[in-house]
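All remarks here apply to the structure that follows.
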Amino acid sequence: MAYSTGAPFLLHLTLSRFLPSALPGLTCAALLLALVCTLLWQIAGLSGGEATLFASLGGRDWALLRFTFFQAALSTILALTVGLALAWALSHQRRFFGRSLLVALFSSALVMPTLVVVLGLITVLGRRGWLASGSETLFGVGLPFSIYGLGGILLAHAYLNGSFCVQTLLGRLEAIPAERRKLVRSLGLSAWQRFRLIEWPAVRGSIAPLATTIFLLCFTSFAIVLLLGGSPRYNTLEVAIFEAVKLDFDLARALDLALLQLLVCAVLVTLSSRFRVVDTVVATNPWRFAWPDSRAARALQWSLITFGAAVFVTPLLAIVVDGIGADFTRLVQERSFQQALITSLLLASLSALLATGVALLLAAARRDLVLPNRLGARKGASAVASLLSFSALLYLAFPALVLSLGFFLLARQLPGGLTLWASVALLVANLLMALPFALAIFGPALEKIGARHDQLAFSLGLSGWQRWRLVEWPLLRHDVGMVLALSFCLSLGDLGVIALFGSQDFATLPWYLYQKMGSYRTDDAAGVALIMLVLTLTVYLWAARFQRGGYAQR
Amino acid sequence: MTKLSTLLSAALFGATALTASAVFAADKPELTVYTYDSFAADWGPAPKVKEAFEKECDCTLTFVATDSAIGALRKVQLEGADTKADVVLGLDTNITEAARATGLFAEHGVETPDNLSIPVEWTDKTFLPFDYAYFSFVYDSTKVKDAPGSFEELKAKGDDFKIVIQDPRSSTPGLGLLLWVHSVYGDKAADYWKSIQPNIVTVTKGWSEAYGLFLKGEADMVLSYTTSPAYHLIAEEKDQYKAAAFEEGHYAQVEVSAIVKSTKNMDLAKQFMAFTLSDTFQDIIPTTNWTYPATKTAAGLPKGFETLHVPSKTLLLEGTAVEEKRKGLIDDWLAALNQ
Amino acid sequence: MLSVENVRFAHEGSEEEYHFHLTAKPGEVIALMGASGSGKSTLLDLLSGFLMPLSGQMLWEGKAFQNKPPEQRPCTILFQRDNVFGHLSANANVALGLPKGKHDPDRIEKALEQVGMAGKGEQKAQTLSGGQQQRVALARSLVREQPFLLLDEPFTGLDDDTRHRMLPLVKAMAEDHRRCVLMVTHDRQDAQMIADRLMVMDNHRLVEHSL
């Protein structure tokens, strides 16, 4: 973050000046942390407090932990390799038809409903999938591998997270100053030397935070492992928690597993203190200097792009092809579908508003605590800022299943009925899910605005609502749109909490789809998957289109 | 939220007959039955059972689907005293002892009828049988030419021969298979599981997910019932689906239902329990749940059932014996699969 | 009258102390010169409220203002850069100088006319050139009507032509509106062109020089 030139300004402004902007965010953070503690307490209470911690865990669970680690590490390495290769190729091939759409599509992987992706992958790579049929027709043999098991999990993780980091890494590569590019160009260095000298240093800073995020996402992966794990052979802790609750109703075990996961993730989240999930969610303006590459390098770039695009688009295409055949007239008349659709849209809209609001408050409070000409120079400010950031990263440490279990147990004691609390649990889970990404967008943006415009705004006496309306809103509104879209899509595609709460009375689209996949209504499943895909892509790409303009001004 | 979405859907799609009936239905007492998804599905027994029972009871019968029968039990456990369930339907004798131990179920008060025709004697005052079947692997005879005739032959098929099974922790067929293998191999069961572990494509939560995968072609065989081919024969007029007859014999499943103690409609629940053994209900079962009815009805079995394989040897463990072994067997099974 | 009386200042963690002593009359233009890092901008930051003095007093017309937040001080400041909000129109930028809640389109138009930006009010500030942006900022200083104006090298980096048109504007502001102007500059010619007095930062102290 580049602050304006000059000495750090120690405003002789009192704490009270920043309370109106910092207090709501700090309150939100405190509430989130308190909520998580309450929910853990709920489970601890019911699992019979006399048992010692981790008493219910056996040798198999350490194997489970080992596998979860192993799987997450492998997924992370794969995803980063894929992402870096694609970003590198795309940064060198800057002009071709559909490039910006492809980049936007890659970035949409972050919000793509995992169930839909898994369904698409099965259609393409399953035992009777497109590839297997093709291979059988051409070579007379089926596929030598199965989509179920470790291979499938890694593939799905690499697919989703690899494409998600393309965007961030590409942003880094495109932000390399033109002078530096000109310099290496004038020295006539090879593609590899250029990568080593200017491109790798440019992306290196993003690797650690990206790796941590991806590792945590894969470590707590639920839907993918549930569907492709060939359960119970390949399990993550998250799925084991689900099974402990749903299959064995062993709450003591669920709590132990949850605490174990919480411990591991909290350590990881804390370790990565310089944690930034996404620096640039949508591409900045591509640089315009021609970059002559050797023929071999160009060939490599083009094969990477072609292969990457094909691998990414084919499963989505499979959803479209399969989905188009669905009986939509019957589907939309089905009451359970209508209910799931409406519930999903309502929940997604609500959680989008909630997540955007809370993220703005958190980001505003963080800005007060971080900027040196606000409260940043005060003692303890950075500690509070870290705690604030941690509250936004809770989802990565805190298993969604435990969250919903806590809510479930809470719901039994409180009035209002299960459906109400199921909705609350879903909203909270979706809020927590969107916060890391939302804060990663709002945080740097608000800090940048503050660093650039604070002096002028302070000297003019612009403050409160007026300042927000004149300065922050015009500069942030594209980001607000992006975060709204992001959290809307994340909520729309989430199969986490609903896996515990879902029932005939209370269903969301992913739950409905999961049910349809479970029963042998594959046509309906394909139809629902298509609807979810179209909804997600429309909302996300629409927002991404607008956001691109928002950066130049700040 | 549901109310809100109901209102919205009514506003959006017009006051359909369905929403209208849901509004008026509030006046009548409602009986809620938790069951596994394929029982509650549109193509399962639920719609016909609902229609028939509602004619008799002046009530609303609601089926709530869970992804498996044990899932229904866990749901009731999770919901505790607040549960909406009046009746849980679809557990089997292998899990009844575990269910009894939860203390959540009440006595059904139904006399065992004379025409009861299941593979065991029945004296249980809490759980009442409504159908039975024999577990079996089902395959497509157009794709699998020489189906295995025993567990040993299945093992000898090699790693390329894929099966899909259900999780014994959630699914009664999954638990049934575990007990079946145990009945055949005894202490050597874990070794057998280890040897066929490469054949298992995936382990699903419930029966319908496994069967769906099988129909999609993801596996050569699926754990189901000897009666499953009847569905393809009668409903789809396809005769290529067969149940593999195993010479070791087949493990039987007797499916039961029980009243949830916390019900506010005890009389209605008892009326429903009695109804499950009526000819009306029993005649719905074969061609919707694709199992054998628990009683010999006047109408008898539908045409097509005579083509099904009837095991020469029936295996079935006592409920109490199962409960003693269940946890240990599941642990061994998990350990074997985690190799 | 502006008086800075024995103001002492040191950056955090630094031993070096700055001493400022200065008086200025309305209508007077004072040029501040000195090597880079000598503390010229520090004085402006102290006056405008972005830094706190260790001791000493700053008064306007006999009233101390060193404890007031930036927006309540009797001054208006032009920085080297970032003087306008690029996403707002020139009009909106100038309007920010008016007292809160006051709409006065005529006043804005007149101010823009004074700085030679007539007819450009609707344009977004970021579409204007650097010199034009500084003129818009100057127009805002005009409508703000604060008794003293602080200029932190706002004309550095502008071409000679523009600079030579801006400087008389500043001079006119001082004379016509009886404001006092403190202008940090590197350019002796600029100082000679409009300043009445010249002060130089020497060894962390402000010293009066002849022009």
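Each chain gets a letter, A, B and C, in the order it is written, and its residues are counted from 1.
Following the convention adopted for this analysis, a contact is a pair of C-beta atoms (placed from the backbone, for glycine too) under 8 Å apart; a residue touches a chain by one contact, two chains touch by 3 or more.
Just so we're clear, the structure is a prediction, and the values are computed from it rather than from any experiment.
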| request: Averaging the CA atoms per chain, pick out the one whose centre lands closest to the mean of every protein CA shown. | output: A
| field | Chain pair with the most C-beta contacts | value | A-B
| message | As a quick test, compute the distance in whole Å between the mean CA positions of subunit B and subunit C. | response | 84
| query | Which whole number of Å gives the spacing of the CA centres of subunit A and subunit B? | reply | 38
| Cα centroid separation between subunit A and subunit C, in whole Å? | 47
| note | Listed in rising order, subunit A residues that touch subunit B in their complex are 60, 63, 122, 126-128, 146, 148-149, 228-233, 243, 245-249, 333, 335, 338-339, 342-343, 346-347, 408, 411-412, 417-420, 422-423, 500, 503-506, 515, 517-522
| remark: Seen from subunit B, its contact residues with subunit A in the complex are 1-2, 4-6, 8-9, 12-13, 16, 18-19, 37-38, 40-41, 62-67, 70-71, 74-75, 77-82, 162, 167, 169-170, 197, 200-206, 208-209, 211-212, 215-219, 331, 334-335, 337-338
| message | For the complex, give me every residue of subunit C touching subunit A. | response | 11-12, 41-42, 45, 48-52, 67, 69-72, 76-77, 79, 81-88, 92, 96-97, 100, 126, 144
| remark: subunit C partner, complex, touching residues on subunit A are 4, 6-13, 17, 373, 377, 452-453, 455-456, 458-463, 466, 470-471, 474-475, 553
